[in-house]
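After this come two complexes, each holding chain A, first together with chain B and then together with chain C.
Right, the complex of A and B next:
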C-alpha cells in the first residue's frame, strides 16, 4: 500500500552570506492513512519547516518528499489536492466574519458549499451566524476557525502545527477526540507540537526532534519497559505489609521521605501485586506503574543529545 | 483561479489602510485648493487678470502635473498593497491558500488582476476625493477652468505645466483616460514590490521601487533635463505625469514629446507589468514561499 506521505533523507539548509544554517537533517518518516504521527521538539526544532515542505511551500535541500502520490521534490511539481493545513496562530482577513472567511477559502477549491462550511463551524463550536469580524476573535476562537478551515474539505492528509494553541481544556479534549475520529475515518494526521501530553494521548507514532535531527521514533505498539510501581498506603502498618511482600518477591523498596509510600522495583505486574497486598490487608491509597512516559523518553533523548 | 482572485480582491479591498490613504488624498487636495486660490487671487490683484479656477484644477494638479504629489500617491499605493506577499507569509495565510491550489504560482497570478483592480479603484478614489474636497472651496465647472486653459503669459508662468488650451476631451472623459493611464503604472510598481519581497522578506523590500523612483530616477531626470529638456521623457517619473506629454508641444526650440505619445507610455507601463509579472510568477514557482 502506498504511504500517504513519505519523506526520505530530508535536509533543509538556509544559506546566508557567511553561514549555512541547517534546519532539518536527514529526516525520514512515513505516514499512512488512519495514522496520527506526532512530531515533537522544542521551539526551533524544525517542525514548521517540515510542515511547509510537506505542503509544498518549501523545497528540501536534499532528500525526497512524496505526498499523496505527488513527488514534491521536483520544483515545478503540481501540488496534491486533499491536504488540510493548520499553521501556528492562523490568521484570516480581519475585517470579514469567520463564516465569510471560510466561504472564500472554500470557494478556491470549490468542492464544498456554504452548508458544509456552516456544519464545520458548528462542529468546531463556532456560531456561523456570528457577525463579529475575525480580527476581533479571541485566540481560541481563531484557532477553532483555523481548524475548521483545515478540515472543512475533508482532507486525506491533515497537517497541524500546534493545534491546541489558545484552546481551553474542553476545546483541547474535543480536539483530541476529533483527531482520533478523523484517523478512524482514514485521514492521515501529522501533528507538530511541543506539548508532550497532547501528543502522547492522541498519536500512534511519535518522532522526537531537536535542532533538525530526529533523535528517536516510537510507536505506541512498541513494548514499554516495566520497572515496577510506585504506591502509597494509609499508615505505617500498611507499609510494613508492603515491606513483607517485597521481601517475599525479591523486590527492591525505596521509601519516600515523610510519606507511607515509595517505589517498588519488581517484575510482578501491578494487578497481581495489588491483589496480593489487598489480600494481606494493606490499605492502598494509590498505585502507578513505573513505565517510561513520553515525557521521560523525550527528556532522556534530549539529554543524551546534549551530552 | 477566479475564486483565488476573488479572495485576493476581498483581502486587498477590505483593508483598513484605505482609510489612511484616502485621508492623505484629501490633505493633498486641500493643499492644491489653497495654492490655487492664492495664485488666482495674486493674478487678479497684481495683473488684473481674471483666470478663475474650478474643481477640475485639483485632480489635474494632483494626479497628472505635480510629480511630488504623484510620488506621494505612488508611495501610498505601495503602502496599501505592496506587502501582499509579506502579510500572507507572516500571518501564515500562505499555507492555507497555496495548499488549496494545484500550482504554487496561482497565488501570484491571481494577485495580478487584483492589483490592477486595486490600482483602478485607487486612482478613481483619488479623483473622486479631490473633486469632493474641491467642491467645498471652488466653483463647479463643466469644462476645464480658464486658469488651466489660459494662453496669457502671466497665467502660463504661474502654471508650472503646460495644458492644451483646447483640450479635446471633456473633464470626465479626461479623468477616465487618466485612470486607464495611471492604473497600469501603479500596478507595475506594486507587482515589482511584491516580486522583490518574495526574494527579500523585509518590509523595506516593498519600498525599493519607490526609493528607486525618488532617489535614482527623479535625480537622474533632473540632471538630464538641465541639459536637454526633452530627454526627461525617458524616465519613469516623467512618464507618470500625464501632462508631460504636452509639455513641449508648442516649443520652437525643443522637440515635442510626440515620439513618446500617451499611448507609448501606456505600452511601456504594460510591458513593465508583463516583465514584473513574469518575475513574480517564476519567483513564486521556484523560490520557497
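Right, the complex of A and C next:
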C-alpha cells in the first residue's frame, strides 16, 4: 500500500554569507491513511519547517518528499489536490467576513460551494451569518476559521501546525475528537505541536524532534514498560495493610511525606493488586499505574540528547 | 484557478478602505485642476484639452505615489496574513501566483485610475461642454504629429491619451512589484519608486527617456509612448516573475 506521505532523508539548511544553519537533519517518516502522526519538539525544533516542506511551501536542501503520490522535490512539481493545511497563527483578509474569506478560498479549487463552506463554519463553531470582518476576530475565532479553511474541501491529508493555539478548553476537546473522527474516515493527519498532552491523547504515532534531529519515533501500540503503581489510602491502618501486601509480593515501597500513600514498585498488575488490597480491607482513595508517559519519554529523550 | 486568483487580488485591493481614499484623492486632484485652475487660463481651453492638461499636470507626480502605496499595500496583506499560504497550498505554483497577483494588482490600479479619469472627464464636460471648438492656440499643447488625429476626434484622442496613462500605471505598478522582490519592507516600496521617478524627471533632460517627458504630450507621438510603456511592462513583469519565483516564501 502506498503511503499518503513519505519523507526520506530530509535536510533543510538556510545559508547566509558566513554561516549555514541546519533546521532539519535527515528526517525520514511515513504517514498512512487513517493515521494521526504527532511531531513534537521544543520551539525552534523545525516542526513548522517540516510541515511547510510537506505542503510545498518550502523545498528541502536534500531528501525526497512524496505526498499523495506526487514527488514534490521534482522541479515545477504540481501540488496534488487533497491537502488541507493550517500553518500556525492563520490570518485572513481583514476587511472581509470569515464566510467571504472561505468563499474566496473555496473558489480557487471550485470543488465545494457555499453550503459546504457554511456547514464547515458551523462545525468549527462559527456563525456563517456573522458580519464581523475577520480582522476583528479573536485569536480563537481566527484559529477556528483557519481550521475551517483546512478541512472544508475534505482533504485526504491534513497538516496542522499548533492547531489548538488560542482555543478554549471546550474547543480543544472538540478539535481532538474531530481529528479522531477524520482519522476514522481515512484522513491522514500530521500534527505538529509542543503540547504533549494534546499529542498523546490523539496521535497513533509520535516523533520527538530537537534542533532538526528526530530523537525518537514511537507508536501507541509499542509495549510500555510497567514499573508498578502509585496509590493513596484513607488512613495509617490502610497503609499498614499495603505494607503487608508489599512484603508478601516482594514489592518495593516508598511513602510520600505527610500522606498515606506512595509508590509501589512491583510487576503485579494494578487490577490484581487492587483486588488483593480490597479483600484485605484497605480503603483505596486512588491508584494509578506507573508507566512512561509521553511527557516523561520526551523529557528523557531531550535530556539524553543534551548529554 | 488562475483567473480566480486574479479576481481575488482585485477584490482584496478593492476591499481596502485606503484604496478608495486614494481614488478619491486622485479624482479630487483632477477635478480641482479642471474646475478651479483652467478657467484662469486665457483663452480657456476646450473640454478635451482641459482633460488632457489635467492628466498631464496631475498624473506625473501623483500616480507614482498612488501605485507605490497600492503595491506596497498588496504585499503588506501577504506579509500580515496567511493568504499566500492558503492559495499556494491549494495547488497554484508560486510563479503563477505572482503572475496572477501582478495582473490583479495592475488591473485594480487601472480601475482606480479609470474611476478618477472618468471623474475628470465628467468635470470637463460639465464645465466646458461636450462639443468643444478647438482653437489653434491649443495645438501648442499637443504633439505636432498628433494634431490631425486630435482635430478629427478630440474626445477619442483624449480617451486614448488616458489609455496610455492606464498602461503607464500598469507598467509602473509592475516595476514597483519588482522592487518588492528585493526590498522586503512595503513602506520602502511605496517611497522608493516615486522618489526615483521624480528624481529622474528633475535630473534627466526632457527627452523620450525622461519619465516626465513621456507623460507629456509635447514630446513623442502617442503610439511611440504606447510602445515604450508596453516594453517597460513586459520587461519589468518578466524579471519580477523570475525573481519572485525563485524566492521560497512569499
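Everything below uses one rule, namely that the second predicted complex is superposed on the first by the 307 of 307 C-alpha atoms of A that agree within 3 Å, B and C clash if a C-alpha of one lies under 4 Å from a C-alpha of the other, contacts with A are read in each partner's own complex, and residues count from 1 in each chain.
Note that a contact is a pair of C-beta atoms (placed from the backbone, for glycine too) under 8 Å apart; a residue touches a chain by one contact, two chains touch by 3 or more.
Since the structure is predicted, the reported quantities are computational estimates derived from the model, not experimental observations.
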Fill in: When chain B and chain C are modelled together on chain A, clash or fit
clash
Practice prompt. Look at A:173 in the shared chain and tell me whether it touches chain B only, chain C only, both, or neither; answer first, second, both or neither.
Written response: neither
Practice prompt. Figure out whether A:114 sits in contact with chain B (first) or chain C (second), or with both, or with neither.
Written response: neither
Practice prompt. Name the contact category of A:85: first (chain B only), second (chain C only), both, or neither.
Written response: both
Discussion item. Quick check for you: in the superposed arrangement, does A:75 touch first (chain B), second (chain C), both or neither?
Written reply: first
Worksheet item: Between chain B (first) and chain C (second), which does A:93 come into contact with in this model arrangement: first, second, both, or neither?
Response: both
Worksheet entry | Touching partner for A:56 - first (chain B), second (chain C), both, neither | both
Worksheet entry | Shared contact residues on chain A - chain B and chain C | 55-59, 76, 78-79, 81, 83, 85, 87, 89-93, 95-96, 104-105, 107-110, 149
Discussion item. Looking at the complex, which residues from chain A come into contact with chain C?
Written reply: 55-59, 76, 78-81, 83, 85, 87, 89-96, 104-105, 107-110, 146, 149
Worksheet item: Across the complex, what residues on chain C touch chain A?
Response: 1, 4-5, 8, 11-12, 15-17, 77, 80-83, 85-93, 248-249
Worksheet item: In the complex of these two chains, what residues of chain B are touching chain A?
Response: 3-4, 6-7, 10-11, 14-16, 91-104, 285-286, 288-289
Discussion item. If we count contacts the way the header does, which residues on chain A are in touch with chain B in the complex?
Written reply: 51-52, 55-59, 75-76, 78-79, 81, 83-85, 87-93, 95-96, 104-105, 107-110, 149-150, 153
